[in-house]
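What follows is a set of structures for review.
Here chain A shows up in two complexes: once beside chain B, once beside chain C.
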Partner chain A sequence: MNKEQTIDELKNIVKPYIVNQEAFDALTVETDFINDLKINSANLVDVILDIEEKYNIVIDNESMERMINVKSAMEIIETKLSERE
Partner chain B sequence: MIGNDIVDLALAKKQSNWQRKGFLDKIFTKNEQDLIYKDINPEVMVWNLWSRKEAAYKIYNRQTNIRGYFPLQLECFYESETLGTVCCNGNFYRTQTTVSSEFIYTIAVTEKDYFIQIKNLDSDAKICKTNAIPFIIDEFTKIAKPVSISHHGRFWKGITIEFNTPVITSSPI
Partner chain C sequence: MIKRVVITGLGVVAPNGVGLDAFTHAIKNGISGIKKDPELARLQFSCQIAGKPEISTELSLQYFSELELRNFNSTGILYGVIAGIDAWKDAGLSLEINEEPDWDSGTIFGTGTSGIDKFRESIYKIDDFQTRRLGSTAVAQTMNSGVSAYLGGKLGLGNQVTTNSSACTTGTESILMAYERIQSGQAKRILAGSTSDSGPYIWGGFDAMRVCTFKHNDSPEQGSRPMSASASGFVPGSGAGALVLEDLETALARGAKIYAEVLGGNVNSGGQRGLGTMTAPNPVAVQKCIKSAIAKAGIHPNEIDAINGHLTATSKDSLEIQNWSEALERKGTDFPYINSLKSMVGHCLSGAGSIESVASVLQLHHGFVFPNINCEDLHPEITALIDESRIPRKLIEKELNIIAKASFGFGDINGCVIFKKFKCHPLTLSKGKGAKSENQ
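Entry: the complex of A and B
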């Protein structure tokens, strides 16, 4: 799976929860879910559950800890997908 | 140190479905989930515990500079609807929670004496930030004072500690 595809999929996942549209439109791997997109911290659980459902993976607590920006979300998805294979 | 968190209950209802499969497991320990399920109003308990975790996290984040998403490590010890302690990796924070039909608001402190020294900020206070951690510049001393800000839906709360005010403790009757 290529990075651009993952970013697009991730954008679709976070879209319902974002508050800052400008930051969303300018989303890069460096974008922070809470500080930039202003996603409510309770909704970060929804983002994580949506990722789990979409990719059929389990995000353990250790990985969840790092789930604060696009970059780590992509790394976690990639790692979990490769573990599954 | 201090931290605060407010939950607009009407907005929380719209934004979150706490009954979603997996939701509680990701953020609440077994003991906390027991408190939620046993409560006559589980939804209010969800947000009561959540606001405690968030308020405590704000202090933990400042003390350790650790940023992350680890709600299960912020464990609530629930004493009553208004009082409790949150423990995070060996750090303890006292919490005071206000519950109304419109919102739930928690203040967490490292020392319980701070509760009586808390001063509310005006919503027009000039808030500065370094590394996403907010502070204000005291207009007289020009010293940076740490503040904690929480905003959700219809509600905004900003607090700081007023160390200079003489503290009058009420004596037991």
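Entry: the complex of A and C
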């Protein structure tokens, strides 16, 4: 899994939900979905559904709780993709 | 201290016109918004015609963000928000986003159901073990108060934000609830209105009851025929109407345009006793509702220039005319003008009372009586009671002073509100409200 490519893909997924454009433009693996991007917490479930759809994976409730920033999202996507193979 | 209440803003999303200009043009010219509905035809409804407002994606994007429109599937909220925001802007009120809510302003925006298409979509997902895939807005779109919640957030309302529901009386009731809240000094401004979803899942139950016409599937514009001898049932409709009700002093202080004054009104129920049932009105209650509304408004029945009726185009139209005639003790050529917006838009159900109230207020403001269409052949039971000159079939341009608007709904419930043209002169602030005790 190409890291740069995944970040770009994640950026596209979260784009409709972000409130803080500056944080979005400067997005790194450390960027936090709620604290930095100011995504409404209710919308996090939509972000997760969009990720599931994009990668054709299922993200369980425990993983969902951990998915608070770009880094954890990437790890979870990677894990789920490898489980699938 | 009892406050006087005026209307300072209007918004409307109707089958024959979206926005005040289009709607005013349509009602003055008797333009029908009833069309053949391919979806009702595909689903083999008896009635395959309907009144449905036309909303483009471009228009929706002026009121909702792209994000809000993702997975959005609630026509009622769409219509309600457009009408509500339009009324707010029309009242000259700000859409600026402040940190502090507007504590003096609220909304009472009614509906019968919310997001019935979203609800259907959700039910299919749940039954397919896909509950986790419902997304974050299934609740907001399907809760009955969804429309007031969306409006409350968009306008930053800090007073009461609620949704009332009383079948086809909903829109008239919301105006009266708003009126009472302002009159008692609990709010300075209430966005009152109502909306109705459109589509087969909202209209199917009426089709099954055979209360909708099945005789005009190939002549949709002639389908809705209130007061006609050939009326054969109502045409289902949808849409929303909104009115900004405001404390008179507040409105005058900010130099707002004043469309009309709400003099008062009344809601009641026939208790499904006597001739009243779940679906039929108890005439005793209807007349009592009208009489109480007039008494509360502090006017004499002879002062009413025009009536905007409920008049759905079923066999009950004659009974409604009889109830008005007996309640007002006026008949023949002495009867006020009467019209039914439903001849042009169909029966917009929970949206009806507010859309029709917007039409009534426009008549007062601009000085006209809109024409009734499709009643060239007036029902003989109606012409036996009132003179046919009282049922305009052509536009009448005329200064009006007082209009009575009534709505009646399933559950044997009634609502009647009295609007008066507002004339600003020094004496307006000292008008007495002498008839309070005559209520009920």
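One rule holds in what follows: the second predicted complex is superposed on the first by the 85 of 85 C-alpha atoms of A that agree within 3 Å, B and C clash if a C-alpha of one lies under 4 Å from a C-alpha of the other, contacts with A are read in each partner's own complex, and residues count from 1 in each chain.
Quick note on the criterion: contacts are C-beta pairs under 8 Å (C-beta built on N, C-alpha and C of every residue); 3 or more make two chains touch, one makes a residue touch a chain.
Only a predicted model underlies this, so the values are computations on that prediction, with no experimental measurement involved.
S.K.: For chain A, which side has the bigger count of touched residues, chain B or chain C?
M.R.: Touching more of chain A: B.
S.K.: Could you say whether A:Leu81 touches chain B, chain C, both of them, or neither, answering first, second, both or neither?
M.R.: It touches nothing on chain B or chain C.
S.K.: Once the structures are superposed on A, label A:Ile57 by its partner contacts, choosing first (chain B), second (chain C), both or neither.
M.R.: After superposition on chain A, A:Ile57 lies in contact with neither partner.
S.K.: Looking at the overlay, does A:Arg66 come into contact with chain B only (first), chain C only (second), both, or neither?
M.R.: first
S.K.: Just checking: does A:Val45 make contact with chain B only, chain C only, both, or neither of them? Give me first, second, both or neither.
M.R.: Both partners, chain B and chain C.
S.K.: Enumerate the residues of chain A that count as touching chain B in its complex and touching chain C in the other.
M.R.: Chain A residues touching both partners: 17, 42-46, 49.
S.K.: Using the touch definition up top, name the residues of chain A that touch chain C in the complex.
M.R.: 16-17, 42-46, 49
S.K.: If you look only at chain C, which of its residues touch chain A in the complex?
M.R.: Residue list for chain C touching chain A: 66-67, 70-71, 133, 135-136.
S.K.: Under the definition above, what is the set of chain B residues touching chain A in their complex?
M.R.: The touching residues are 12, 15-16, 20-23, 26-27, 50, 54, 67-72, 132, 152.
S.K.: List the residues on chain A that touch chain B in their complex, please.
M.R.: Result: residues 17, 35, 40-46, 48-49, 52, 61, 64-68 of chain A touch chain B.
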